[in-house]
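Chain IDs A, B, C and D follow the sequence of writing; residue 1 opens each chain.
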Amino acid sequence: MLSPIGISAQTREEGPWWPHPQWGPEDQAGASNWVTDTKVLRAVKLVKTGKIYELGHVYTRDMPLWGQRTFSLVTPDPYKQFTKKNTPVWNVDYFSGEFGQIGTQFDALGHTGMSITMADGSEKDVFYNGFTRDEVNGSAYGLQALGIEKVPPIITRGILIDIAAYKRVPVLGNEYEVTMADVRGALALQGMQEDTIEPGDAILFNYGWANNWENRDIYNDKSSPGIGVEVGLWIAKRKACLAGADSPALEVLPMTDSSLGFPVHQELLIKNGIFILENMDLRGLAADRVYEFMFIFTPTPFKGASGSPGSPVAIR
Amino acid sequence: MLSPIGISAQTREEGPWWPHPQWGPEDQAGASNWVTDTKVLRAVKLVKTGKIYELGHVYTRDMPLWGQRTFSLVTPDPYKQFTKKNTPVWNVDYFSGEFGQIGTQFDALGHTGMSITMADGSEKDVFYNGFTRDEVNGSAYGLQALGIEKVPPIITRGILIDIAAYKRVPVLGNEYEVTMADVRGALALQGMQEDTIEPGDAILFNYGWANNWENRDIYNDKSSPGIGVEVGLWIAKRKACLAGADSPALEVLPMTDSSLGFPVHQELLIKNGIFILENMDLRGLAADRVYEFMFIFTPTPFKGASGSPGSPVAIR
Amino acid sequence: MLSPIGISAQTREEGPWWPHPQWGPEDQAGASNWVTDTKVLRAVKLVKTGKIYELGHVYTRDMPLWGQRTFSLVTPDPYKQFTKKNTPVWNVDYFSGEFGQIGTQFDALGHTGMSITMADGSEKDVFYNGFTRDEVNGSAYGLQALGIEKVPPIITRGILIDIAAYKRVPVLGNEYEVTMADVRGALALQGMQEDTIEPGDAILFNYGWANNWENRDIYNDKSSPGIGVEVGLWIAKRKACLAGADSPALEVLPMTDSSLGFPVHQELLIKNGIFILENMDLRGLAADRVYEFMFIFTPTPFKGASGSPGSPVAIR
Amino acid sequence: MLSPIGISAQTREEGPWWPHPQWGPEDQAGASNWVTDTKVLRAVKLVKTGKIYELGHVYTRDMPLWGQRTFSLVTPDPYKQFTKKNTPVWNVDYFSGEFGQIGTQFDALGHTGMSITMADGSEKDVFYNGFTRDEVNGSAYGLQALGIEKVPPIITRGILIDIAAYKRVPVLGNEYEVTMADVRGALALQGMQEDTIEPGDAILFNYGWANNWENRDIYNDKSSPGIGVEVGLWIAKRKACLAGADSPALEVLPMTDSSLGFPVHQELLIKNGIFILENMDLRGLAADRVYEFMFIFTPTPFKGASGSPGSPVAIR
């Protein structure tokens, strides 16, 4: 098993974690490759009633934002076509802000890289599949590799793991790190086993943290429950396509090991190409005890963006 | 049958086209109400192979834009956490522009209203279901009614009507108005009849116009093929949930009757709450002759926005 | 003397306060017309030492903002020209926000209008010199009349009236309305009389409120000292070119008469074309007891903007 | 005399061009340090008539823009205070774009750096006064050193050098490099000599290029007249505070030596802290043969911005 950090030497051609033997050195689609047509069919067949669950929040000016990010939507002065008999009037909104990294958000593989030591001793910033910072960045106008437009629609089998229910609390404590024991316990309570997870699944963790969404002072970027490296490694091993949660970072904040910066993001996005979906709202699924479903998230392909907002849904 | 324009008197309580008897005077969801759980199940059952078709374009800085609209995505200077052992580096994009009215775009019901004469002789700007301009507008920070957040995910049966194939051309001529004879002819060629359309369906028209997407001089807001009022009235009568096309306006540009401004938008959005999806790319479906499918569009709920970008998909 | 509100009848041609007999019915430059070449010379001659005082604040992400306004400046990823021998690297900032209405801000005449009753009984929204809302607004892309580009550089004689010094406090109390007695007292303390004000002067009021600039909770849009209608009428009578202060609104917040909305703005901008400069920092001038000086503010002419940021200066 | 490029070794403490002996290793104000109170007085005394010349263009949506930059100003839906007796209505513009690097623009010292070889053989990106890229960049939210807020108002003696008049053309040819012979010839024609330039002066070059401002196809970022390294070195030697011109880059485009990227920017901004003002309009001064004047440019201090728009003026 790989250590999540401290890799001492890596080469472009044959490092411990790239190129991904499955998908080749040019791959930019990551774990979405697990989602084949057959997998889509598998997901479709889970639909029994046609009931749709919306798994995201509405994006508002006063929602919790990471750091100093901006959500600014203005409504320009409506335009009225006075010269036409039917005099239509038009509204067109104008938005500015960190588009793909606010509210319910899906991380593209270009969202994060890390500095590693190469075999020749040099330091290099690398992203998924060994793409370097020079290959990804260097333009003011969008990422040149690993942007959101490289990600296909994610339509797959979804699994909810309700940690809050297992712990018998409405909301996990802030700073609580979810363990593998919790994951196994929650699955067992749901009548599932660890190996219920199949390649390409979207795994969603319910911490109950969405209950704090309306309270920006509590729901912030400093302190929230989440998984740690232990569960991150398990997700990778299970070959999930995506991991999501109802918290700002999926992983616990602050990090249990304060010397590390977002090790779960590294394990998933950088090393394994597994996408992350944050700030979800899983209360509907949890309330109805829906643990297996058709999952849909269609990233908006703004070329070169590091992520996407959107409206993830489950259908059962 | 209502005239598409020239309504001489309307009242808030009992005008000819509101409140919608089906959904009540407070309704803001429009024709998405046709999409019940049963309808979703109906759509799901159309999936046979699990193949996904992406029906939108990638959003780029140089794509065709309506009028003077803006697509500006910048990549801020990456942030590197030097103090952490694993030194992650972060990319977060920043966007500004007419978010919901650029590229492949879905119109919310607050996108357009029209001026009408009330029973007392006064003029009033009204939107879907009789919402007035004062109820919809009046804030600089988003629509106060009929914003995109009022629209649920659209997951329903989709129908492609391939007009270009029927006319035996790769691309319809600009300024060509698609007629009901074209629609019936295309359906017949596809082995379908007019009454194949069921309440809540998403009807997509292929004009072949997406072939011009790379050429901003041709693909513009001045001149393109599309349906006219005749087909618009038929869509309303068939109780569609959504009408989409691979052109900037769905309806023909310029209007056949130059005294009118976007009469199809009025017929669909204002009078019937039927959503419009523009600048699609239907070439994949057309090439594979896929005419009936599971259709998915999940609007991104930026509160108070007049529309949404996104990635519409078909699954067959 | 005009009442500040409640005008019962006004005509486009000969209302009580337009067209301005001095400047004609097409004028959009307002009280800047008082600043002739001779007036500029008058200002220049006040310079004795060459010392420059900066009268504005630095604009920052965490400065006090009115309502829900936005100041968002991001630094895109630097662009490095690797193909050039000298390998330059470039920074280009990207800003979004209410450009002309944040931080130290200068109001253009199109910033505010008011609803009045016309001679025929109808209601109309009008701006300076009788420009109507239809003439000013109606485009999403900037004001069509009375935008900031109609205002020339303001280089004129400046007068500081230090109300805080007269009241012997570092900061006036919030909600304190500055009276004409205060103005006369402050002028007297400065060895000046009321008639020291000449047509075209820029009158700056020091309330000491800039001492709260670093504290966004105190320095807000709800409660601050300022002049009221009494002093506003005096400024108009003295034919000032501009009135400025170190507070968010120049006028007292909340209004002394709570049934009115910003009556001083109406008196100055709408009726008299006198510009307003808010959120200044006059501490340097006050500390040095500089009461008469060359004043400079050069609006940035973003076409159709309702105001301008900038850096007002005094030279003595 | 320094070579403009090819410096082979530089140290942080005692390289050939930093720290600036005049202003110390922490200085971020550059050549604005030449503008003392005495210099301001010198400038003021040049005013004879009080006539103001505006030396910039109005900023519009369709003005020439460098590369893919954005100027997007929208006017939000006006806000009307219906609950107030006087019913004011408010306009507040919203802007997004490369604020300080569009239209008439003033470069801050953090706008550009260059890669140099240090004494130990390593490569480093450095800016004015030896500030490194790590010191300047590294935040998404503004430059951390050498931002526009470090630059005081520039009020000094201005000199116009009318190259177009000397060459007896309304507009210099595109790609024409202005030589020292041209500069001396133009000065002589104006009755001035080379040593008329004093430390702290603002030197403005008239190429006539502003005559192309309305034609975005001609006035672009690819091909325009300008000074080269020869004149750049002379400006530095004369200890100017600022160099401006009526062209996109001040220096000739493309570079005469195509292996170099913007060597004049390096000579002025990086090595000497001399500010650059581009896209000016000097036609008024040239027409009136005003060659010596009081010059004013007051940068708008958006914290961390790499430049500023504004309205430069001359008074004579």
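As a working rule, a residue touches a chain if its C-beta (ideal position, glycine included) is under 8 Å from a C-beta of that chain, and two chains touch if they have at least 3 such contacts.
Since this is a predicted model, take the numbers as computed values, not measurements.
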| item | value |
| --- | --- |
| Interface residue identity across copies chain A, chain D - same or different by half | same |
| Same-interface partner of B-C, chosen from the options A-D, A-B or B-D, over half of the pairs matching | A-D |
| Inter-centroid spacing, chain D versus chain C (mean Cα positions, whole Å) | 28 |
| Geometric centre distance via CA averages, chain D-chain A, whole Å | 44 |
| Where chain A and chain C are represented by their mean Cα positions, the distance between them in whole Å | 47 |
| Contacts with 2+ other chains: residues of chain C | 61, 68, 70, 72, 74-78, 80, 92, 94, 96-97, 137, 139-141 |
| Contact set on chain B toward chain D in their complex | 61, 68, 70, 72, 76-80, 92, 96-97, 137-141 |
| List of chain D residues in touch with chain C within their complex | 4-6, 36-42, 44, 47, 49-52, 54, 56, 58-61, 69-70, 73-75, 78, 80-81, 84-101, 110-115, 125, 133, 136-137, 139-143, 149, 152-153, 155, 259-263, 265-266, 294, 296-307, 309-313, 315 |
| Chain B-facing residues of chain C, complex | 68, 72, 74-78, 94, 96, 141 |
